[in-house]
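Letters A, B, C and D mark the chains as written, and numbering starts fresh at 1 in each.
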Amino acid sequence: MTRAVISYGPIPVEQLGHDVDMTAELGGTWLPNPVLTASGCAASGRELDTFFDITKIGALVTKSIMLAPRSGRPTPRMAETPSGMLNSIGLQGPGIDGFIEHDLAWLRERGVRTVVSIAGSNADEYTKLAQKLRNVPEIVAIEVNISCPNVENKGLIFARDPASAAAVITNVRRNTPSDIPVIAKLSPDVTDIVEIARACVRAGADGLALINTLLGLVIDTTTMRPQLAGITGGLSGPAIRPVAVRCVWEVHQALPEVPILGMGGIRNGVDALQFILAGASAVSVGTATFNDPAAPARVLSELRHELALRGFERLTDAVGHAHRGADVEPEPELGAEHHSGPVPRWP
Amino acid sequence: MTRAVISYGPIPVEQLGHDVDMTAELGGTWLPNPVLTASGCAASGRELDTFFDITKIGALVTKSIMLAPRSGRPTPRMAETPSGMLNSIGLQGPGIDGFIEHDLAWLRERGVRTVVSIAGSNADEYTKLAQKLRNVPEIVAIEVNISCPNVENKGLIFARDPASAAAVITNVRRNTPSDIPVIAKLSPDVTDIVEIARACVRAGADGLALINTLLGLVIDTTTMRPQLAGITGGLSGPAIRPVAVRCVWEVHQALPEVPILGMGGIRNGVDALQFILAGASAVSVGTATFNDPAAPARVLSELRHELALRGFERLTDAVGHAHRGADVEPEPELGAEHHSGPVPRWP
Amino acid sequence: MPVQVRGELLGTRRVGSYHVLTITAPGVPEAARPGHFVALAVGGDNSAMLLRRAFSIHGVTLRGVYGGTVDIAVGVAGPGTQWLANLHRHDPIDVVGPLGRPFALPKQPVSALLVGGGYGAAPLFMLAEELRTRGCRVDVVLGAATEDRLFNVLDAKRMASTLTITTDDGSTGTRGRVTDVLPEIMSRTNTDVVYACGPMPMLAAVTELARSHGAHVQTAVEESMACGIGVCMTCVLPVIGDDGVTRMLRSCVDGPVFRGDRIRWDDLDTIPADCYGAPGSKA
Amino acid sequence: MPVQVRGELLGTRRVGSYHVLTITAPGVPEAARPGHFVALAVGGDNSAMLLRRAFSIHGVTLRGVYGGTVDIAVGVAGPGTQWLANLHRHDPIDVVGPLGRPFALPKQPVSALLVGGGYGAAPLFMLAEELRTRGCRVDVVLGAATEDRLFNVLDAKRMASTLTITTDDGSTGTRGRVTDVLPEIMSRTNTDVVYACGPMPMLAAVTELARSHGAHVQTAVEESMACGIGVCMTCVLPVIGDDGVTRMLRSCVDGPVFRGDRIRWDDLDTIPADCYGAPGSKA
């Protein structure tokens, strides 16, 4: 396998054989199209390859990998919720060495554009992970899952604290070849996601992945105890889509130059289009894959269709489109005499 | 109408005519049962009274009222989302004087236990609202909606900042008769809801209402603009239930003595039971009322049934029940040698 | 008084591109007046669609084997209406109704002109019957984009003194909008009152023409609704009151029928600056 | 190789308290082996239920007018199974399958004992057929809480050398658990291999008895699954590998059939301390 399968520049429309140029940019890397899998919802690609050709989507994002092998959390690990699900897998995985040797090797051989997601328990582990990956050929990008508890900061999730988030990103960026983008994946469970986004970008993030799951809990009313062994879990699926689109909107509004990988409840091409219009340069399809194993490929073709319908010639023209136009600012909520600062939002 | 319709002590089981004592305590006030409406989902009660007898539920929570009359936001004000909806009403209402004169007068005459929800644009407005209400007879409690932008703090939502939240609660508590509980209603859109809860309790809140809506956004893919005139809106309905139950769980865990009014996506008795088991002393039924106008009454009878099925003699015995029992603590996630601080949560 | 009942689909028939559903709904027909609507839960017990869908009551039967039924005309617009269109006979449907304020009826035997756009024609049939009972002359104009989007031309012919059809594409009737034919009809029939139901821009234009003709005008508006019963404040529009003050009124309980001349058609989807409680206003 | 196909319900018949659904699913029957399962989307296009439901393949037909069908036995447990039970003939069903690893089959004509608890009996019929083709003796034990929760006693009688029934309440057959009758049958029939499908505690107990009898044991487990295709890591349980190391394996792709003696039955719903990658372990 050569590097040829991975595209590093915009692909001419003619070569795509259709009317919309789907080329997507993600932190300096060009992908032939903007639809990726979501970390933890596609394992390392092999299983999905039976349902659709995984070399045809934008890229495959691997399950977050840690330094050592991990058995994850006890079961039950999931609960179905209205239009969503709660999971508490606990990052079960083979550890970085086994991952490079087996999973990444297979992906490379299969010619799959691969985004490697990494996760650590302290800032130093992220450094080591980046170092392990720096000589691995043909990685499209590194997605840094910072929705993990920082054992050196009372278990506080990195992504919930600007300084911890920045520390991790600094470490990863320093230890990653400059032509490989580093994408920080943020949690929506924060007071101000723009603050965290800014901290990550200042620390060197080339792009942002928005959003990880929302912290949730389900009580099993038969046992009258939390349904998950891990008590709380991450909420995903269409239920969270409005929150995800809002995060993309807010961050794109504040940092229009920063590429965003949008995700959270994308189930079809119209859903994906919402994220693109709100400011995402590319999207990940996660939980929907559990409902439809071919979802990423289907979303891609539907998104192309929706863009064509709306007369877009290039995907990139649609990115952030909903922010443009004069009439998108809300009417000022309070009398002008009161009004100061950002436009207040009322429930 | 006399005070007789409003119960200020536990009601003997015999009088209820069924086997579960549904009496609920909310910050020192006793209600005959724990099912309330949710602010903004029941107007001032009159409309729902056609569908069920609103004197029979725990209490009616009014739409949040502000000092002056308000026209609210322009339309469109809502978007349906998977298992939920987004709203941006902008607190349309008659202002406190008209509200007391018409709405509260009607509720009193009808004999409805009433929780008045108040909202302001700065801490001082909350003071004035409490003062206006202090001589109004027969209010069960005041719910303080602090999910409003504070125009004196760059439009930052009170409920997203512990100091602003506390300032509001202090003002309301000081200006409210001591026998009327003040309940602070919190927003889930924060990094640490326990921190806000603590700040409100220290400021004198007798109880906490959890949760208000989550900030969300829907792009209308036809107009390619945000669907709501207000751009962002509040996400409610079953979609958010796992987040709401998690918030109740976290706050009850940290502050077991503080009564919680739980809400967020309650649609039936089993849903309500989840909140009770997680630590809520009472619950509000909101968006579900749009689907089923009799939802609060139905949820009440279903909840009673579910409690009876599980052998509870008193509702109060079920409050927080899911926290009890030895096996609810999660397995420590990391090796003991790493472990410090609270139990880390993994996605 | 609206009720909530678990009804049952008795049958569906096609009328043009619409699906006319006959639903048992004990208690609803008895109280239904022309202009009332029903709100139906959609998608079944495990539906991701939480909100009810609103449909004008097209017709009712008061008795019979099934103890009262309601007819509605469903145009497929999205997943909720699609679900309704796909229901089988005997499937349950949860109905809330009758909702809203109906059309105001004249005490005198006046000359009435009924204007329906698309499925906006649905509530006009009960209205026509009621008007004719009161000795009114009833003329009808139905308009739509294309022939198949016209609703129930056959019955309209039967009930109206004259029926005029317009389609945007000219596939049948006069090519153009209902407003193109209105002035001539109003002059010819000496219209005293216009009743209109259809898309908002049509209602605005009809109101304008009726006013310049000096006729009363009753419009049944269609705003997006979350609850349909008056508790959520989703469905508001700026309406001028008897006191001359504009208020944001709920179209589900204060409407859907309003006097056309009281609606601030140019200010829909805004809060007019002089509206009661508008930002900055001292109300 | 599993496929995803939009199938159609050909019909539903009741067997005891179960609903046996016959579904067209081109491509699935061809590849199905005893012990495989299918994952069905539930609730229709606007369902709030996102996750597929898993069902053992009970039977297949390879050709015929409909080009291959799959039979499954549905016990109503919650909203998803309720929805499946309520489907009408010709309704579409989205099928992914065949999934998982099937039962391992003996190369020799051994004596096999098949044990099914409740709908756990469903996959045993294809297995019995396959075993008999290979010249095996097939004895069957079916158990359930009550008579109506027994699955398909009639067919079981036909295919088995002997059929033994147990019910918890004694409503039919021997009163008690399947494990009460197992020792005697294993001795009498000289059981070489036990195939079991049913609730986890039953599988644990059957494994124990089979081991003490010296028989091989194949168990088809049932863990809660989010994806059914191996990508989510929801459905794991601790299984001892050939190398003696315990790993958290996915029951959807590494199972649902495992050698009973390889499953750490006492450690289900835990991460055993000596498990590969367990907290604190140095793996």
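The definition used in the following text is that contacts are C-beta pairs under 8 Å (C-beta built on N, C-alpha and C of every residue); 3 or more make two chains touch, one makes a residue touch a chain.
Treat the numbers as computed from the prediction; the structure is a model and nothing was measured.
Setting chain B aside while the other chains stay in place, the touching chains still form one piece.
Looking at chain A and chain B, the chains in contact with each of them are C, D. Taking the mean of C-alpha positions as each chain's centre, the chain lying farthest from the centre of chain C is D. Here the spacing of chain A and chain C, counted between their Cα centres, is 45 Å. For the pair chain C and chain D, the distance between C-alpha centroids works out to 55 Å. Centroid to centroid, with C-alpha atoms defining each point, chain A and chain D lie 36 Å apart. The residues of chain A that reach two or more other chains are 40, 73-74, 82-84, 87, 89, 229, 237-238, 331, 333-334, listed in rising order. Among the residues of chain C, those in touch with two or more other chains are 48-49, 270-271, 279, 281. If each chain is drawn as a node and touching chains are joined, the picture has every node linked to every other. Within the complex formed with chain B, the chain D residues making contact are 48, 270-271, 279-281. Contact residues of chain B toward chain D in the complex are 82-83, 238, 331-337. The part of chain B that touches chain A in the complex is made up of residues 40, 64, 73-74, 79, 81-84, 86-91, 121, 145, 147-149, 151, 153-157, 160-161, 189-192, 212-219, 221, 224-226, 229-235, 237-243, 245-246, 249, 265, 270, 273-274, 277-278, 306, 310, 321-322, 325, 327-331, 333-334, 338-347. Every residue of chain B that touches chain C in the complex is listed here, in rising order: 40-43, 47-48, 50-51, 63, 68-78, 80, 82-85, 87, 89, 92-95, 229, 237-238, 287-294. Chain D meets chain A in the complex at residues 1-2, 4, 41, 48-52, 94, 96, 223-224, 226-237, 247-248, 253, 268-271, 275-279, 281, 283.
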